[in-house]
Amino acid sequence: MTQIIPLSWYLAVSMLLFSMGALGVLIRRNPLIIFMSIELMLNAANLAFVAFARSFGVPTGQIFVFFVMTVSAAEVAVGLALIIIIFRNKHSIDVDLMNSLKG
Amino acid sequence: MNFITNPLILVTFFPLVGVLALLFIPADKKNVLRWTTLVASLLTFGLSIWMLTMFNKSNPDLQLGFSLPWIQVAGWNISFAMGVDGLSILLVLLTTFLTPIAILSTWTAVEERVKDFMIFFTLLEMGMLGVFLAQDLFLFYIFWEFTLVPMYFLIGIWGGPRRIYAAIKFFLYTMAGSILMLLAILWLGIYQGTFSVPELITKGGIPGNVQLWLFLAFAAAFAIKVPMWPLHSWLPDAHVEAPTAGSVILAGVLLKMGTYGFLRFNLPMFPEAALKAAPWMALLAVIGIIYGAAVSYAQKDIKKLVAYSSVSHLGFVMLGLFALNAQGIEGGILQMINHGLSTGALFLLVGMVYEQTHTREFSVYGGLWKIMPVYGAVMLIVSLSSMGLPGLNGFIGEFAILLGAFGSKAIGSPWFAGVAAAGVILAAVYILYMFQKIFLGPEGSIVEEVKKHGHALRDLNLREIVTVAPLLVLIFWIGLYPKPFFELIAPAVEKLLMAFPH
Amino acid sequence: MDYTLILFIILAAVAVASAAGLLVSRNTVYAALFLVLNFATVAVFYLLLGAPFIALAQVTIYAGAIMVLFLFVIMLLGADKLPKAKGLPWQRPLAIVLAAVLLVEAGFLLFQRLQLTANLASPEASINTTEALQSLAKTLFSQYLLPFEVTSVLLLVAMIGVIVLTKKEKGEQEA
Amino acid sequence: MGSSGLFSLVPLIVFLPVAGLLINMIFGGRLSEKTIGAIASAATGLAFVIAVLLGVALWTGSGETVVVPFADWIHIGDLNVAWNFRVDTLSVLMMLVVSGVGTLIHIYAIGYMHEDVRFKHDIPRYRRFFVFMNLFIAMMMILVSGDSYLMLFVGWEGVGLCSFLLIGFWYDMDTLGRPSFANSNAAKKAFITNRIGDFGFLIAGFTMFWWFKSLNFGDVFSMATTIPAGVILFITIFLLVGVAGKSAQIPLFVWLPDAMAGPTPVSALIHAATMVTAGVYLVARSAPLYTLAPQAQTTVALVGGITALFAATIAVGQYDIKKVLAYSTISQLGFMVAAVGMGAFVAGMFHLVTHAFFKALLFLSAGSVILGMERGHHHLAHQEGHGSPESADREHRQQELSDSGHLEEVFDPGDMRNMGGLRKQMPVTFWLYLIGALALAGIFPLAGFWSKDEILADAFQKFPAVYWLLTIAAFLTAFYMGRQVWMVFFGKPRHAVAEKAEESPKVITVPLMVLAALAILGGALNLPGIHTLTSWLEHTIAGVEAGEFNFLVAGLSTGLALLAIFLSWLLYERQPLAEGQKDPLKKLLGPVFTVFERKYWVDEFYWAVFVNRYVDIARFLANVIDGRFWHDFVHEKVIAGTYNWLSRTVLDLGVDRHFIDAIANGLGELTKRISTSLRRLQNGFVRSYALAVLLGVVVIVGYLLLK
């Protein structure tokens, strides 16, 4: 019979992916990769949601994942548009070159 | 009754529809903006005519009105109440009538920030209509103050060289008076338990000395607005600096808010005080008549002359109102309309020539009748109306006022009217002076001056004729057949006079 | 050793490895491809967890739509490699330290504090029936109907926003 | 009765001229000069026909007053003024005079204005003239036909307006055609002086309303006896102010001589025949009031008598042909006012009618003389100039314009010193003028003789003082008319232009002939013993009695007139005035003549005492009181200044800066310092911010774990 994989394992994977995503956001200068890292973090969260949903036997977790996907799709669209504009204006997408908000 | 289709609501707030439409038009589409505003104001005028058809002229009470509970907190009883009667209907019509004319006059005169101008102008119309239609003191006060803002900007943005000074002066003067009125309104609302004007009038019962103070507080606001001598100092500045359309509305309607205030609030709400104050108000009015006439004669600037003549003319109105008899008050109300028409027309006409010459100094004018015959003829008619020639509107009002004041028991002496009648002579002096200096005599230096800039002075064009023609029609109509106007006024005035001993 | 366990371990390894690849790859295109791989792995996790709908949505939306969009942009900008910039000297070490601390904290939370020993229900129990899918749909279209509709508005707004943002102003020079 | 139908025609006497003016105003641009003139004349002529019909209806009917209601006008409370027409013998008489003389003058003006607009180089103004003239006729008709004091006032002010417009007809020049404000000043002066009179009228009207509660003639007259005498006196005296304004009596006569700036037909119609007699009409109309106020009557009679003599003396010293006639008009109006003041209403009205005939004749003939002179001037210019006549004329005109600074260089066609011997050049005009002059001088049997004698006879009976004033005035009248005729038509031409003068065309002379016939025969209206006019007016003015013909008075006045003519012959014809010679009377009278010539300096006196003072007061009020006091001092200094001082000095410096600011600034400084150090954190790098967020997460999670 199939071995039951404990919930905490899934959560551990999720946690690992989340941390790596956060690290990616922090150490990369390319905004595209930063974005991808954010997607990675969202995915990690989604994985946790689905795992919990499975654990508690309710569909709500899955529904949340569904909403997160929609929002992230919208977010990616807007974000990429912003990146394109920034590139148009600055001819570079290096986030470290953008500090006009400096106090 | 359906609130939304109430004619008063529609008339008052229709200009907002115009504003909404203007907001969606790009600022560089100047002609579209102008046409939109014109059409909106014409529709407002149409609505006011529709209101007139529903108005029962034999009924002395407020009509077509409604009252909705509005702010009912802490025992305050403020309602959103409107209504129209013989005292205000002509002023409402005057407002909706003059606004499209004023807008037509800006067609080529205002080229900068047309969108803002039109929005302010339309808002101003709404405020003025609200003032004339509000039947709740609180609501009235809100509209009263509201009119200041657009006018402030109209003077301050599109005015002459000293526009900021004039705008601020205009604002502060009128504001200062209104504060006292606000106090009086609050007193009434708290101690009488209602802000509704008709209720306050029927309730009455304010002791004599309190009445006097309240009367004075209201009078402070209104007298500045009229303006009565010696509170007129803001008027010439505001008029001279305001753009033409602003002057037209300022003289035509805004000043009437002051005299209307006396008529609507001071007389019926504080009859005892009004009776006591009548000789003093008459005295100030007569001083204003003579003083305004003399001072306007000494002016070197055409617009200033017309501005001071307003002081004189509104002195007549005040004299009529405080005669407290039928002739005086009816004459006074009609004279408000007359002044709106003739002085409005004078400002329009001065603006039309100013647009071509860019100066208003008398010394450079002269002999224009030969070059601009139509303009001269129109100006002549308007001037004659302003100096009260029989057969034109000014005479009817002035005659009724002087007649009423001469025999007024409230004023108590025919001397006031006698001296005021001498103002009729002085009116001829300054009006003829103005007409002569512009149109008669040899050609002034301005003719050559304009030619130097490559274009000769031209007579009125079609748009300008269309602008003044309605005014001329009314000038003759009121002068020759004032009966329909008096029929609208008379019942309400008779009701008003019931409060006073005969 | 059960095959699911083996599968899980392999998948987990692949997922972590692809995430690490994302972190370190200098080339953006490679980074994107690593991410696709990661998404695919996670989709299989979903299947294991008895959520086939989400799994398929994951493949279509993330791996399909979003990542294609990313690739489009990458191709469009052509900036697959960034030149070295002076950057922030203390940023990287601090970030690594903080991420490590976070990981430790999370592990501590997961294994020491919560003591989550409860096992998951067997996959067959729900995968085999369509009931789970039906109950998902029912919940989505009844209890969460309004948020569902709002997401459509959100997408619309995002769409309009993107169009307005990227539209060239009149008279603006082609960049 | 059929005549009642005729009465309903009465509104037409107003609306026919109005129709005429509207047609000319709207379509006149496309019509020829002749058509415009014809329309205007026809409108007036038709009004005359209506007036005749009304007269016939009254004559054949009972002759009693008929009131024809027309329209509501002002109705406020108990003030109820309707526009009703009053048809009675008095008003019809006035209508006949106005429209009859008016028609003739309109016809004359067709010819006169034709030349005038060409002489003054502004042909389009031709149309405007006839529009104004028709407007005048309409206003005059409203004046005489109104049934209430207010309607009378409407016409009263209306004719004042027309007078203004027509005096200022050549508004851009002076009487000699030089660019100037002079003509428009004259027009303004007329209007304003009239307004002073109107002020009196208004006060009288107000008093009347509050005592009678009506302004209708019928109501007022029927109630008059029930009103206190003092009130009646007050009303009548203030009416007299109006009369003095409109009929140019002392002290408000000064506008009439200046009014000669208008074209000659205007002078004839408005300032001699019709408008100025409105005052006389008003007194006659108010006869029921005046008879109740003897003091008022005395005042009116004295004002009239003194004016008659006063103006006659001035006329003696004038050189301008129209100015002489203007002062003569004032003097003759004095006769009429004196007559109606004494209660001799019929005599006054009689003189009004005959005077309208012969004074219109004189003015129009004078116009003919002026035109003749202008034509002569024109010819002379052609002879001197080169090229085509038109261009020469233009050159000449331009030269005149450029020389406008020098008075003596501009030729004055109205100056009698430039004339002389004109009877040879202008025989028709001469004879017509002579008839008019003799009629005015009161020579038997011309119209002036009968009407003037009736006044003198009445004065002799009722008011000896006024009788003597008027008799001396009559003597002077004959003298100055004699002087004028001798100077203009006899002797030798004193200026090259006079030699070249030319007779006027028929369109001008024919109306003059009609007027001359009327001036000869007008006396027949009220011959002693027959008294046609007396019995006519009896229907309207109660208690008029036919004057007795007094041979002594008649003989004396005729004798004096002949003596005066003889004297003038001695002075001006036996030794005709030579070119540049001074007036012989000047040697004789010395400074007295200068006083006459300078019109007693009344204008200068008024200017110094009233006009300049008013200007001073106005300037003072405007500059000092309104400008410096109200505006600069009260508003700027006191109100704005105090506020500024309070806000800047007291509150800002004192309270704000040293107290509140100290606290606020201290706090502000602290914040600033802290923020200066903190802002370094805001390095603008988005990744640092993200790092901070993560730091926050780590710290919070750590805290939660360790808690």
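Labels A, B, C and D are assigned to the chains in the order they are written; within every chain, residues are numbered from 1.
Operating definition for what follows: a residue touches a chain if its C-beta (ideal position, glycine included) is under 8 Å from a C-beta of that chain, and two chains touch if they have at least 3 such contacts.
Every value quoted in this text rests on a predicted model; they were computed, and no experiment measured them.
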Contact pairs, highest-scoring chain pair: A-C
Distance from the mean Cα position of chain D to that of chain C, given in whole angstrom: 101
For chain A paired with chain B, centre-to-centre distance based on mean C-alpha positions, whole Å: 67
Centre-of-Cα separation between chain D and chain A, whole angstrom: 98
Chain centre separation (chain B, chain D; CA means) in Å: 34
Interface hub residues of chain A, defined as touching at least two other chains: 22, 26, 29, 96
Residue numbers of chain C (touch at least two other chains): 88, 91, 95, 98-99, 102, 106
Numbers and ranges of chain D residues touching at least 2 other chains: 683, 685, 687, 691, 694
Every chain pair meeting the contact rule: A-C, A-D, B-D, C-D
Residues of chain A touching chain C in the complex: 1-13, 15-24, 26-30, 32-33, 35-37, 39-40, 43, 46-47, 50-51, 53-55, 57, 59-60, 62-63, 65-67, 69-78, 80-85, 87-89, 91-94, 96-97
Residues of chain D defined as touching chain B within the complex: 71-79, 122, 150, 153-154, 157-158, 161, 164, 168, 171-173, 179-181, 183-185, 187-188, 191-192, 195-196, 198-199, 202-203, 205-207, 209-210, 614-615, 617-619, 621-623, 625-626, 630-631, 634-635
Chain A residues within the chain D interface of the complex: 22, 25-26, 29, 34, 95-96, 98-103
Interfacial residue positions of chain D with respect to chain A in the complex: 679-687, 690-691, 694
Complex contacts: residues of chain D adjacent to chain C: 683, 685, 687-688, 691, 694-695, 697-698, 701-702, 705
